[in-house]
């Protein structure tokens, strides 16, 4: 089972990285870019369990470790088949 | 138009952050976690242009700036409707 | 002989390098602003340490697109001496002037401490004042200094002798325990195939005066000062 | 309008009491509007108004021949010679760090740097004084704070050269994060943040304004409770890269004389910055137009803009007509700047939003209007007494030493300070790890020593004496490097002063600081007060008056480190030892409790010992010097060995009664140093000691790799190091 977790800075929170990347893109000529937010992507490979249970476990992982709920939001997908690299 | 870019470390590259997150999860009791990889999530909000054009532009952004092909892979989605926060 | 020290927004070792060049070495110094379109007749360009553009996204990722980098690329192509220190090394890798990349330290922590480096090449304009396999004491200060290159690139580097410095123990042995950041093959610094572009994570400008704890770094500055004018820039 | 008509919830939100509201209405002769109420709320918060502590702070000595700028500006300044002034201040970021340790600590560092920049000085060093609950329970706080400090300081390129870390139960819910910044400026270029000159322009530079930390200042002034959860968005995210650009641009401002003043934006944002700046000039006012403020977010109200605590912003007062010169300087660093208003002479802070006036308040009402709170102090029950005679005798000196070296409060901090760039700037000539750090002033032979100190356990047992001991220890740390202490900045961290026993602690602490600083001739030129460090009124912290100190050495070539330097040197103890076991680390680690009276401090003796060490250092007699602090003589001696990589062989210690053996080894009598000298310098040192009437005792001879007291203790450096470097996890 693979969980793909995306952690983003909350909309109201300052995102210096996003601001700087936006400026970088603009100076490369990508002037159509209005806004950039930079977050984290975390791929968690889990063993066993049902999709339902995995969902609950990953939710708990996000709350406890993967995301900092003070300044970040998270969301995730679960890919049921056990795909290993 | 919103592009959601995911940048991940190439499989051959060490991902110490992934390893540490895995250990962190294990110590919190998430022993079912087999493997963790940590990458970046970049949300780019673009103005105008068709989806096709946007796709090309974002591809160029990734190649030039958002990912370093020596150590990283990238992929992205484009969400056509112009969703503004 | 004139050194040019590049200043990006977020660079901080510019003034330290400048101090050593100007006050310790007594060589001519000019600062190159990231927006500059010419190199003001420098014989050696230093890309110093710092967090150019905050090192946001990736170290050196945004800096490599600064206008001055185009000039530096051409200068390097013509055989001019280019020396990247710490963040400068990261920028050179991003710009493709050196192969590979620098990733997060294996410890995931920033490390500011003294390291030992064994010198593997003394035939370079940067190291001519060093002895064969001399051990230099030079501090590091980085969070992303772990050198990575794919296996093919790495073996090419090794075969062509492009590894200039490796982390070692005080006796010069290249052992895992002496590796502060997880670099492949304990690599601390590499040079391009032509031998005119050097990138290194440790900070020679922090050990060029006895009061700072050592003078091994000065050997590198002296080497450059001695050789820069002999280097043929086409 | 009566008080009843503002609902109480609204008042609580802006942290004003009904009485304060009444005072506002009386002075304004009308009810304040929303925006005005918000502005008054933040400026009248404890954090900005010092309403509970101001009267006490007046007792602190703040003058002296070296003082160039005392309290009242963004930072204090002292002259250090050759036309240079050291500018410094310490500040707390406790509450934000409790909520979000990484960003809280990072923005704390960012904030104190801007205070130094506002004085026109280039920041050259950072120090951090930290307190946490015990590990591993508090590792989230600890890890986050250490990482956050490193992230900001490393990125901006200012070396973090000192600080302290203590672990104690009382900080479990209320970690303390105090950051100190030291800067340098030519004395004649020192800036003052005064809005002089009617018609001069107010420019806002740096980051765009977002809805960051609205009500952060009042947030820092209330106890942490469950409701702080809801305030969590009050946490700000710092941008050290932007601050680095801001720093360089502000340094470039010295190329023009168009700038009248610079003021940082910190707690209470624009409101506080403009009010403070105008408030320093009698009769001055300001008019600002919030519609001109560059924003990060859409749909921000004037209220949001006036109260935003977005980081990395500065206010610049520019001579009218010369705005372009300043804009050009900031533009070179890709920084936004906007003229947002002007200086007036009506004594009012007027806020407009385009054509609409949204607030108009007398500057003095904002800056000095908050009614001072008269609190009552009542001494609490005396702490647990200690009967030294009842303590069991020392069983195994070596085992005790190893346990002390490994105790979280005494173990090596290398694991922490190697995560901070402490070398950038090429000036750190005494690195962290010993007593104070020393930075050379390039272009001169001057060295600037700096430290922060406070043993809060002593302050808990006796705040008056504890505060004195903190000053004395800071001074000893400076002197141990061979430098002369010059001046102090302090950060008073306490619990809720509404509780009489806490207010008593505050009174005693201030009195103790004042007493020691007067006795040692040390002016306090800046500082900060952080109250309400308790959650739910229960777990109150120890009173923790952190003392930041700077000192100067005329020739840094004569600086001293703590580590032994040469085999064959004599190792000596300067000063005398007594049965000072109260509040000691020995008592805590070996006997498991905190009790007794802190060590007695005789400031006259202290001065004599200090003069001796300074004279000996100046004459070049000493090879090393280290102050004896927590863990006593033996821990200090072990540190001398470990830092120098050299052992010491000593004959057995046979203390003369009534001195106990455990006290001789581990007692924490102040006014003591361990020094090493060459045999040649011994006679001169002895006669110097006699002249200063200071006790000097030979401990042993440096050499080998064993620390030994014959028949009492024998440990290899490797064994000591293994214990000492357990590395705070």
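Read from first to last, the chains carry the letters A, B, C and D; within each, the first residue is number 1.
One rule holds for everything that comes next: contacts are C-beta pairs under 8 Å (C-beta built on N, C-alpha and C of every residue); 3 or more make two chains touch, one makes a residue touch a chain.
All values reported here derive from a predicted model rather than from experimental measurement.
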_Between C-D and B-C, the pair with more C-beta contacts_ = C-D
*So what's the Cα centroid distance for chain B and chain C, whole Å?*
30
_CA centroid of chain A to CA centroid of chain C, Å_ = 34
*Please work out the Cα centroid separation of chain B and chain D, and write it as a whole number of Å.*
41
*Do you know which chain A residues sit against two or more other chains?*
16, 20-21, 23-24, 28, 38
*Touching two or more other chains, which residues of chain C qualify?*
53-54, 56-57, 61-62, 65
*If you look at chain D, which of its residues touch at least two other chains?*
239, 241-242, 334
*Report the complete set of touching chain pairs.*
A-B, A-C, A-D, B-C, C-D
*asked:* Under the stated contact criterion, what part of chain A meets chain D in this complex?
replied: 9-10, 12-16, 19-20, 23, 68-71
*Once bound in the complex, which stretches of chain A touch chain B?*
6-8, 11, 21, 24-25, 28, 30, 32-49, 57, 60-61, 64-66, 84-85
*asked:* Help me check something: in the complex, which residues belonging to chain C touch chain A?
replied: 53-54, 56-57, 61-62, 65
*Would you pull the chain A residues touching chain C in the complex into a rising list?*
16-17, 20-21, 23-24, 27-28, 38
*Of all residues in chain C, which touch chain D in the complex?*
9-13, 15-16, 19-20, 23, 49-51, 53-56, 109-113, 139, 141, 143, 203, 205-206, 209, 211-213
